[in-house]
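Each of the next two complexes has chain A plus one other chain: chain B in the first, chain C in the second.
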Partner chain A sequence: MANQGPTYYSPYPTAVYEGVITPPEGKALLLTDVVDEEIAMREIAKVMLTSENATIFPGPQVLYGYNEEAKKKAKLIKEMAEVLNSKMIPMYDYRPKYPKIDAEVEINPNHPNLTIWHNNIKAAIFIGVHCHYANVALKIVRAETDCYTVAICGLSGHEDAMATLRDQHSSELEKFIKIAKEVKAELGK
Partner chain B sequence: MSTIKDMTETKNWSGQTLVTADHMLFEAPRNKHFMTGSEVLKEAVKRCTVDASVSYPITPQSEAAHLIGELWAEGYVGVYFRGENEFGVMSEVAGCSMAGARTITTTSGPGTLRAMENFAQWSGTRIPCQLILMARGINSPLTIQPDNLEVSYMLETGCMIWYAENVQELFDMSIAAFIVAEKPDVHVPIVTVVDGFFVSHTRESVMLPEDDIALFPYEPYKSPLPPIDSETPPGRFLRDPFVMKSNYISYATHASWQWEVRSAVERSRPYAEHFLNGLVHITGNEDAEIAFVTCGTASHQAKEGQRELEKLGIKSKVIKLRTIRPFPKKELLAALEGVKYAFVPEFNVVGWLEKEVKTALYGKSDTEVVGGPRVAGGMSLPAEAIIQEVMEKINPVKGA
Partner chain C sequence: MGLDIYKINPEFKDIMPQEIIDLEENATWAQNQTKPRGIKELPETKELLEEHSLCAGCPEAAALRYVLSALPKPEDTVIVNSTGCTSLMFPHIALHTVHSLFGNQNAVASGIKRVLNWRFPDIEKDVVVLAGDGATVDIGLDYTLQSFFRQENITTICFDNEVYANTGGQESGMTPKGQVFKMAPTGKKFEKVKMWELAKTSGCHYSINMTASAPKAVAKAVREAILIAREIGPTYLNIYTPCILEIGLSANEGLGEMKDQDKDRFASYKYVSPEAEEFLKKCKAEGRL
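So, the complex of A and B:
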């Protein structure tokens, strides 16, 4: 991630063009810094627990039970939402919504800012969204809102999020929940 | 015929042992062979567990597509068929790749231009297919001779572009190309370029690993877009192309999408650095004030020029660019530190590489870029022409 918050009316510059790319294996990205995964997890938990209307955006890969890992992840994400005191607004699919999106109940990669504006979301986790659509959405969110974005990714991570974890499977989600509980206790939330 | 059902955890459908690209490229023992570029491409494809290849084997191009067809007959390639023309071929390549197949094709010259719309569509749909571009002249007038003007048309398609100098590089690059293109954070098409005839038709020594090993298959479910699969929601990319409903999307979607494709190309850098041993290769005198910035067979000719200049007591070096997209700007700037003149010899009339170099250097380097010498339409690029260009620049009164 390069700059947090609105970059005028344009989604540029993208983080890659500021020299930031996906973190190497075993590492995470916090803004422009490559850090240990646990450090990023603690920061993500802190931001989610201290931001207004923190929300998790689960995507199709965890919303539909097409394999056992997806089902396991879905249950863990519900637990994660409880621990982080956050709401959940799903990204059911990637189609533009006709005639207009119901920003109360869903988010869409083609106009994610509408949901964030409407619900006044100041921190959000994208999880289970296919990487390309997550990246398209993250660039728009960064350009159009002041939302702190987190990408928890099963593959290589997302440099256009303010914080990103990579190679996150159910075991890593369990680890994140454990850390989030510790941070929550520390903050007295 | 081969089918995916024949695959096991350790063997592919043709019985080859599955190995990593690192093993294939850096560890497996190699033996010396004597082959043309087209023949060596067949050997590379044979070791890549390729699911699909589509061709329009127009004559005269190269026999590369025909030889991949032989691989299908021998059971090494899953599916092989012929398109109605190059536009059809590239569209069909898109279909194969979107459906999760490791796919390759070859073309050149007028065929490239006929298929042009597809290349931007390939990158926009984030497919990791490979095009082997054996560059030749484009019409008109018709020529079948080597000339790389067509590469300039490919520069802004959103595809990665790598450029091989010789038969050996073509073999190694075309194998690494699949692996880099298939990385989930990259996942864009890759164009592996060689200069037609000079590489495609010329027989050279080449070191090859045994053909009883092959790359692990492509994993389409590690794709940044869902592959076409009616069983896996929401594989509806094609049924709901958002641009068709542009009234209902954010104005920023198209822009963000385009930047994401270009970002993906940039994310390939660390992978390319690993497999290509750096994005530029330098030969000659490190501290020279004269450099040649090259790609493809122009590199070979520039190296000959560099050796001849050395005999005249003039130090120079050759900076060979191995990737054009992403453009190795940082590496080029570092290589040109202390260089007074950078010559850009090219096999085309427009000097597209010179423009790329000038863009990269603008405001960041004191090196003067000299576009030339340039040849086209099948001319060779003798060392004498390169030496003459240098002498006329550094010794304008006496010249060469």
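So, the complex of A and C:
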């Protein structure tokens, strides 16, 4: 016990403890591997199109139209959901909601596993969630569910997701949608 | 940005819960800017979700509605709250709120107010502290009084339920002498702290002790306190919102308890400094009250 570092205090098996870290600029993370962004986008699209109850969890940064980029991203995410044949469940507020959330229609970062269990979600994209709450939510989901999580992040990505795309803005989302359409055609979905 | 941050992108309206859409569409932001808002709008507006997480019949829920209805500019108001029953409600309202550490609320509010003044020099931004008696008078007394000493332009509202309620019933500084609670079985040994008098001697320009039994009176006090805080200096409201569970009342007995205490421990106390008095007269003449 004496040699244990701070990650040992975590009740969950965090990715960083397993040696997984965020990808460098221009790259993406697929499970434990650092890969080219396009390869990761293709794999993410494939997983979303072939998994049961694939769902996109849009966070406050895209749900609310507080600037032009957020409004543009909202349109793209809607299109992305259509291309990936996925549902959308909003993470509209980070504050714990007592006595309980309605897991059918919302997700909360403090107990995201409830929504994933309830809806039997096997693949999910987190987008527009502020990093500190994405970190909390993804750690819990990683530890408590068998859901394949994808973090589409505007900053440096999240190692606790199964797949991470970093530095994603509206132009990158357009690229992802284009690739997803190709994968969809290949899969005949 | 004050208002836009709550505007849902149209692409997501179909997936947002109806109650959240209602909060956006039926809250009173940017309405009635020319005349005072008030409790008359409560039946038609929605600033607090119906299914909030307080106990059935809790007077705090009613008092919070009165407070919210009386904010002069809700879209430009930041409420700073602290740990306690009140903090359970803030996920359910459509206002900017900041949850501080237990007791830190007045220090946090001071910082927010100063930054807002610097960042938005041309817009009136109000900072209101709303916390329980434990946070305001016990754990956070230092921060509360220091903000009064420094003459911070913030309003402090204490929802005084005279007990640490959601941790099982421990006595607080505001508990009356002799009161027995589940976690204070021998009864309190000393008198209730007269925080409204401390507020006066510590530099508040407006200090009130009241119950939440009369909605109009609460709304009036809140409005006056915020306007004075904006222009002159710190203000303090001590509002009795009894914990009906801890004192053994039923859900429908909260109002009766508050009415009883209107004549007892919470007999009306009001202090207005001479300059605040002058300012209120001016506000009244201008139709701001």
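Please note the rule applied: the second predicted complex is superposed on the first by the 178 of 189 C-alpha atoms of A that agree within 3 Å, B and C clash if a C-alpha of one lies under 4 Å from a C-alpha of the other, contacts with A are read in each partner's own complex, and residues count from 1 in each chain.
Going forward, a residue touches a chain if its C-beta (ideal position, glycine included) is under 8 Å from a C-beta of that chain, and two chains touch if they have at least 3 such contacts.
Please read these numbers as outputs of a predicted model, since none were measured by experiment.
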May I ask you to decide whether A:97 touches chain B, chain C, both, or neither, giving the answer as first, second, both or neither?
both
Taking the superposition on A as described, I'd like to know which of chain B and chain C A:22 touches: first, second, both or neither.
first
A:106 in the overlay: touching chain B, chain C, both, or neither? Say first, second, both or neither.
second
Of chain B and chain C, the partner touching more residues of chain A is B
First (chain B), second (chain C), both or neither: which does A:66 touch?
both
When the two structures are overlaid on chain A, which partner does A:144 contact: first (chain B), second (chain C), both, or neither?
first
Show which residues of chain A both chain B and chain C reach, each in its own complex.
64, 66, 92-93, 95-99
The residues of chain A that touch chain C in their complex are 58, 62-67, 70-71, 74-75, 77-78, 88-90, 92-93, 95-99, 102, 105-106
Using the touch definition from the top, list the residues of chain A that touch chain B in their complex.
10-12, 14-17, 21-22, 24, 60, 64, 66, 92-100, 109-114, 130-133, 135-137, 139-140, 143-144, 155-157, 159-160
Would you mind writing out the residues of chain C in touch with chain A in their complex?
1, 4-12, 15-17, 20, 53, 88, 90-92, 99
Considering only the defined contacts, which chain B positions touch chain A in the complex?
126, 183-185, 187, 222-226, 231-234, 236-237, 240, 242, 245, 248-250, 252-253, 255-257, 259-260, 262-263, 266-267, 269-270
